[in-house]
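Shared between the two complexes below is subunit A, which pairs with subunit B and subunit C, respectively.
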Partner chain A sequence: MTTGPTDQHAADPDERRSGTSTVRYVAGKVGGALVSLVFVVALGFFLFRMIPGDPLVTMTRERPTGPEQLAHLRERLGLDQPVWQQFLDYVGGLLQGDFGTSYMYRRPVGAMIAERVWPTLLLVGTATALAVVLGLWLGVRAAWRRGGLFDRTQTGITLALWSMPQFWLGLLLLIATQGVFPSRGMTSVDPPNGFVMQALDVGWHLTLPCLTLLLVIYAQYMLVMRSSLLEEMGADYLRTARAKGLRDDLVRRRHAVPNALLPTMTLIFLQFGMVVSGTVTVEAVFSWPGLGLLTYEALRGPDLPVLQGVFVILAGSVIVMNLVADLLYRVVDPRVRAS
Partner chain B sequence: MRTARSRRGRAVSAAALTPLLVAGPFTPAAGAQETGDDERSVLRVALVQEIDHLNPFTASFASSTMIGRMTWEFMTPPSAEDATPSPGVASEWESSEDGLTWTYTVNPDVTWSDGEDVTSEDVKFTLEKIMNDPVAAEANGSYVENFEKVTTPDEDTVEVRTSEPQASMTALDIPIVPEHVWSDVEDFAAPKTDTLEYVGVGSGPFVISEYQPNRFVKLEANDRFWRSDVAVDELQFIRFENADAAVSALQSGEVDFVNRLTPAQFETLEGSDGITTNSANGRRFSELMINPGAETRGGESIGNGHPALRKQQVRQAIAYAIDPKTLVDRVLGGYGQLPGGLVPPIYDKFHYEPSEEDKYTHDPGRANRMLDEAGYEKGPDGIRRDDDGRPLELRLTGRSSEDFDVRAADFIAGWLGDVGIRVTKNLVSDNQVDEQTTAANYDLALSGWGTNPDPDYILAKQTCDALPTSDGNGTSSAFYCDPAYDELYRRQLAEMDTDKRAEAVTQAQEMYYKAAPSVVIAYEQALEAYRSDRWDGFPRQPKGEGVIMEQTGYWGFAGARPVGGGEGGGMPTGAWVAIGAVALVVLAGGGTMLARRKGSADDRE
Partner chain C sequence: MTPLLELQDLGVTYRTGEGDLQAVRGVDLTLQPGETLGIAGESGSGKSTVVAGVLRLLPKSATVTGRVLLDGEDVAAMRWGRLRAARWSEASVVFQGAMHALNPVQRVGRQIAEPLRLHTGASATEIDTRVRELLEQVDLPPAKARAYPHELSGGQKQRVMIAMALACDPRLVIADEPTTALDVIVQAQVLDLLGRLVAERGIGLVFITHDLSVLASACSRIAVMYQGRIVETGDAKDVITAPHHEHTRALAAAFPEVGDPASRYAPATSEPLPPEGERDPQQPVLLSARNLRVHFRDRTGTAVAAVDGVDLDVQRDEIVALVGQSGSGKTTLARTLLGLQQPTSGEVHHDGRPVPASASGLRDYRRHVQLVLQDPSSALNPRHTVYESVAEGPRIHRLGGNERDIVVAALEAAELRPAERYLTRLPHELSGGQRQRVVIAGALALNPSVLVADEPVASLDASVRGEILGLLLRLRRQLGLAALVITHDLGLAWNIADRVAVMFRGELVEVGPVEQVLLEPHHEYTKKLLAALPSPGPDDARYAG
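Entry: the complex of A and B
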């Protein structure tokens, strides 16, 4: 798609213009993303310092601790430094890829995040994939027979699920299934032998958290798909397709849906970043060892280095996903390229 | 029996999931899972609090220190019967005439789990590390503050010399670690000190065998444990972030033990087949803090407490206005004991029970009289005013996350309203409560503390020395400071005769009780539940009335006995049926899609 400097000779004027505009477009988007990242880093640092509470109080609440011990801890955690100094240290560390050290666990935050990313991606990835499939399918069906029984019941159910608090729905599912599925974690404490069995074990643990997340998030895909398909339904090209004698099914699948997919795709990418941060409650209910649970635990301290690290990673992922959506949109939709 | 019925229940609900139930290939495996269960008895305990460290030098959270108690013997652990000192690493102990030198005889029966002997050098190593290295002192430093020198005249004798007489020398809450394992550690905060290489060798009833941070800790019975055989082959502490999920896991048999239950959860579990509940008289008290006019150690006023509360009479009037019986009955659901002094009744030797005359009973008439006498007359709107006409309005701070605080605040606001004090509730996050109370920015605040078998810890928090320094480091729990109290505090600490010491301890509590910088409003019971169809015989501490989990000792789990054949871990039949059903649905769905695609392929444009 991009036109490098080497093939400029062969390019006709029109294409060259499109080439430079592509470069400018990409550079603009990437630059914007970088600026946002800088903001996120600064915001993450100062935002969490406004959380009330002294990490030392939480850390020492359950042991008799003398003033000398408190002073020593404060010094070791760097909490005796002025805030601007702490910020400089933090940014300096970030530039070297160091997210700092957790107050509570005294482990490098980078390593803690790294081991929590995959469980979250597994949970969010599975739930999003299923939600997209389910949401798009239901959205198309509902829009095609707008106002019908299917549309009315589905839209009602979807909206009800969308408004449910995740932790509440999760607990309800947990109680309703009566121990068929495990209530915590990603693996059994005594995992079975063999890869297949272990994969099944993870799948078994994944069921409830994934179902909870799926039920809550599929609504947005369905509703956007429904409304964008509705917009397309009156279009002339559909009449043409019908006039060709195509079956209703094919008109929908070949003509209407591909056009209606565009806005939905942006949403999928945008939401993926959001959903990661939205898993906090689901992960907390099911003790799923992901980033959400890490955040939840860290808030109690507050374990500032962990919170900052997770915040930068999550906000960063939203920014990156946004960027990917912007760039992909240009590939998929010729109208964006032309404008 | 519960297991049989619930298994059938699962099968039925799984059958309802899909009419396509032909989970053929999965059923034999499921059978093997259960019958192939080895003979190891595994006690699975839900842990609703996180673990910060296993390294006993830095482990501070209650869950972490509990695991430390299972793993390392202490010098003189509190007994199961009445939490008084009993033999541990030390088999005998005595203090010198002047009370400054303590001699401990190392118990010849205690060995490390790797076969080495426990010697006086191990004790010296552990104590000196804590005395000399501020990092190693993080969790247990306060116990050795007063230590001058530790010597080992021979392999079986340890002598500790203190700068002041210290009666709490038989309550050193310090796990003794093996020198041969820990001697090469330079940085006691290094992450490697939480690994099995270091924490895997112990002398308690269990040794740590696997640790996955924030997921679980597994311990195995230590076959070299000196006391007796441990019937629990493996003890698992499994982390649950959500307490309701832990309750559900107990019901389904995923775990065998749950604690820290709320009354509602406790009552749900009561009467369930195969589950036994335990409402235990515990170590915790709830209190209402009444800001007595907080000051730093240097006498500088801090915080923004209401000036009226500086008068003892006003604080006492507040104590008379509230009704602990209603709080225990209605807010704690009856799972609590009526209040007295700071040391709860399970430590009956040191507990202070006020006389009928001194006791703060619900007496609004008396509260009104005392407030009148203190110079706060009721205005036309029923709210009392000081001499300058300012209304007596107090903030009541509490944790919005705690059911107890939320409901108790309503009652307290009502009672104080009845005697002409207007109360504004200030229910905020736990961290905000900590921040506001540490900075003395409160009038009234709901709080609570856990106590230890030795009263020194909770009494020390009320001394003038515990007040914050000008840079904010302090341990005072309610900003109380009275030189007469400090005198009693020092006397009890220097008194080696337990009966005489108890006298000073109760006197100190009485003085605090009357000064009322905080009033105890209830001793909360600890609520626990376990699968009695699999485990029983848990010794409680103290005997017959106390807790099983989070004891100041290892008795509860070390003494548990398996009942009959328990169900193994891994996936239950229901799960296999469900997996089979899901697989079938996917296959069926996929098949239908393919068929439809194929059908429509004829219609290509």
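Entry: the complex of A and C
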């Protein structure tokens, strides 16, 4: 009995949509994203307080420290305050763009994240872009000839790659390429001169980590595109398109794929945020100087301000990407606009 | 003259997992230009396979025997390029279910223009002009070209499909159930439009439907299909008035003529109806609405009255039919009666007491007033067995007693006998009619006093329709179960209802006994509804006055 509003709609189908619904929709989605962000900040703060290990012990490991000095250090880091007070200070700082100061490096966390975020974006952006193109292309081909040789082999290979641990695949690639590609870092120890040469140098270093990430993540795009297109393939409007006399590839390109892309699009954006946080292992294997490696290093402290900062940025990127997907969906799918 | 379409001994066999399925056998048909041929049959009769066969749109698993001649040319012998050129420019199709046959993310103008771009060398401006022309031809404002399918009503989508079919001036148009799911008034408009096109342009039209009364008014010749064969063919009038084959008679009986005394209180059911017992005219009122109003705000913020001051009573041992076009507010009224929608003002009473507003009160109320939906395939959870589906209600309402006994009794009451055979079945293993019986059994399991049924037979085949209506009538006669049946089908009201309430733009414009309202209508709208019913021919005087 969901036809109530439809009845009404049918009563006045000529009426034009007003702009207020768009504003309300966007405001609602942005509001929802903000609430999630607040939740993430709180969760990040308290979650890392539960990690075992006293940061002061790690910080003073190699120096003999007296109880007075320890108390002084505790006070300077604000660790002597009650937890809720620490939290309020933290949130107050965040609102002013201050992520706190790293325990281990004695540097502002914001600056550390800012310099580490670009390598990660370069790695994740390149890998995701390639994975989306590869995954969607393979998915469309596999679905269109469902059950064929291409479909069966591709689906098999994809599933095998998807199930591999990233660090293991990374190590495997390192061994297989036998040192053709550099195994660590983003640039050579002695970087060449000139922008073009430097870009090539970075690209050279990027190859293996990017390939590792690509091989693992393209699977989901392929599988979702495949099942999404399979669902559309029985659709009546495709029969209409065939009856019109369209060639098979036009039926696919003009009618089937645009419809099948809609559910895939949400996944692409959602996954982009997830991939950023999934780079910890790849960056650790290849010593790629990004957020993942920073997290890996900070966990040893535990360097709470750094962990919190990275956590907020990573979780925030998932939320923001999800918001972008929601808003974009409204632009792309006319049916969402109406509802 | 070469016939436009000639089917010679056409046979289609599908290879399936369980062996071969002969969908179409030995079908011979011819269609001359300017002629309308009706093909009647239920789902599974093979009529849609015939349509697909004409344009070679059958899936790979189908084997075709016999010949399809399109304007004298054998379709099977066409090369791919020739076939693609012939598709739509020589023969086009108005597919069943315009809702799904249009691409949901493309503007309809672009979809109408697509075959033009494909088959003609016309420039962009010429195509634009042509699209406007086509839309005007089907009585749609040209501005609708910019609409997406979901922004159009069912009738408008159907017209878009027709405009699309006419785009390349084909000589043959095949219309597959073009009016199913449309209400009578829109149906009459679409039929009128198709008739006009045949007359004005001399195209050949193949009209496929399960509703014989529609064919009677639209076609000169009718062929009746049953289990893949043509069982009867002839002049439209002869087939309708003097059907030879048993199946034709069953189809004809399924859509009763309003005013025909033979079909009053007599749905086409195979099981005998219990005789009408002594009926006390002073039955208690079970469900009543007083000055009920439901207002919605549309997207611009203007209030729209979906239900506008309705007074309605449903008594014990009575079936009330609520009729009206889509958009008249009948579904909203039903939702409000069930407590699924808060009224803006006015009251709903059950058994003399106002319907409670609290969640627990409403739950208790819904035990007594149960809902039966239009489409049993989507109303049932596909992963729940029949037992689970029927037992869910008693569980929610914590009915005492043996659950299995309750379920078996409900299935028996819904005439699924022996009930044990159905308990472990899943919905997809059942036929459409059996599924609807399971839905009804789920309602009966709670021992309700009123059933509210929203188009209970609209998505069922013609032969099943009579069975389900017969069940509702038997339940009333045997148990005194009251029912409010929402429908756009006046024949249904004539078949089983005691009283009719006609709804128009949120108001009940006429309420009264069936004979009175349907035979001597007072309100203009009721008269219009009755006039829109397909009649066997213009020279038929039965509806005059």
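Note that the second predicted complex is superposed on the first by the 314 of 339 C-alpha atoms of A that agree within 3 Å, B and C clash if a C-alpha of one lies under 4 Å from a C-alpha of the other, contacts with A are read in each partner's own complex, and residues count from 1 in each chain.
Everything below uses one rule, namely that a residue touches a chain if its C-beta (ideal position, glycine included) is under 8 Å from a C-beta of that chain, and two chains touch if they have at least 3 such contacts.
Given the structure is predicted, the values throughout are model-derived calculations rather than measurements.
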Contacts of A:G66 with subunit B and subunit C, given as first, second, both or neither: first
Subunit B versus subunit C as contact partner of A:R247, first or second or both or neither: both
Which superposed partner A:P192 touches (first subunit B, second subunit C, both, neither): first
Residue contacts with subunit A in the superposition, subunit B compared against subunit C: B
First, second, both or neither for A:S21, with subunit B first and subunit C second: second
Touching partner for A:Y237 - first (subunit B), second (subunit C), both, neither: second
Contact residues common to both interfaces of subunit A (with subunit B and with subunit C): 244, 246-247, 254
Footprint of subunit B on subunit A - complex, ascending: 51-54, 57-74, 76, 104-107, 167, 171, 174-175, 177-185, 188-190, 192, 200-201, 203-204, 207, 244, 246-247, 249-250, 254, 283-287, 289, 293, 296-297, 300, 302
Contact set on subunit A toward subunit C in their complex: 1, 3-5, 7-13, 15, 17-18, 20-21, 235-237, 239-247, 254-255, 258-259, 262, 332-335, 338
Of all residues in subunit C, those that touch subunit A in their complex: 52, 55, 57, 83-89, 92-93, 95-97, 100-106, 114-115, 118-119, 148, 150-154, 156, 164, 296, 298-301, 304, 306, 326-332, 334-335, 338, 340-341, 371, 373, 454, 505
Touching residues on subunit B, where the partner in the complex is subunit A: 6, 9-10, 13-14, 42, 44, 50, 52-53, 58, 60-62, 65, 134-135, 137-143, 145, 189, 191, 213-216, 218, 236, 238-242, 244-246, 248-249, 251-254, 428-432, 434-436, 438, 450, 457, 460, 468-469, 471, 473-475, 569-572, 574-575, 578-579, 600, 603, 605
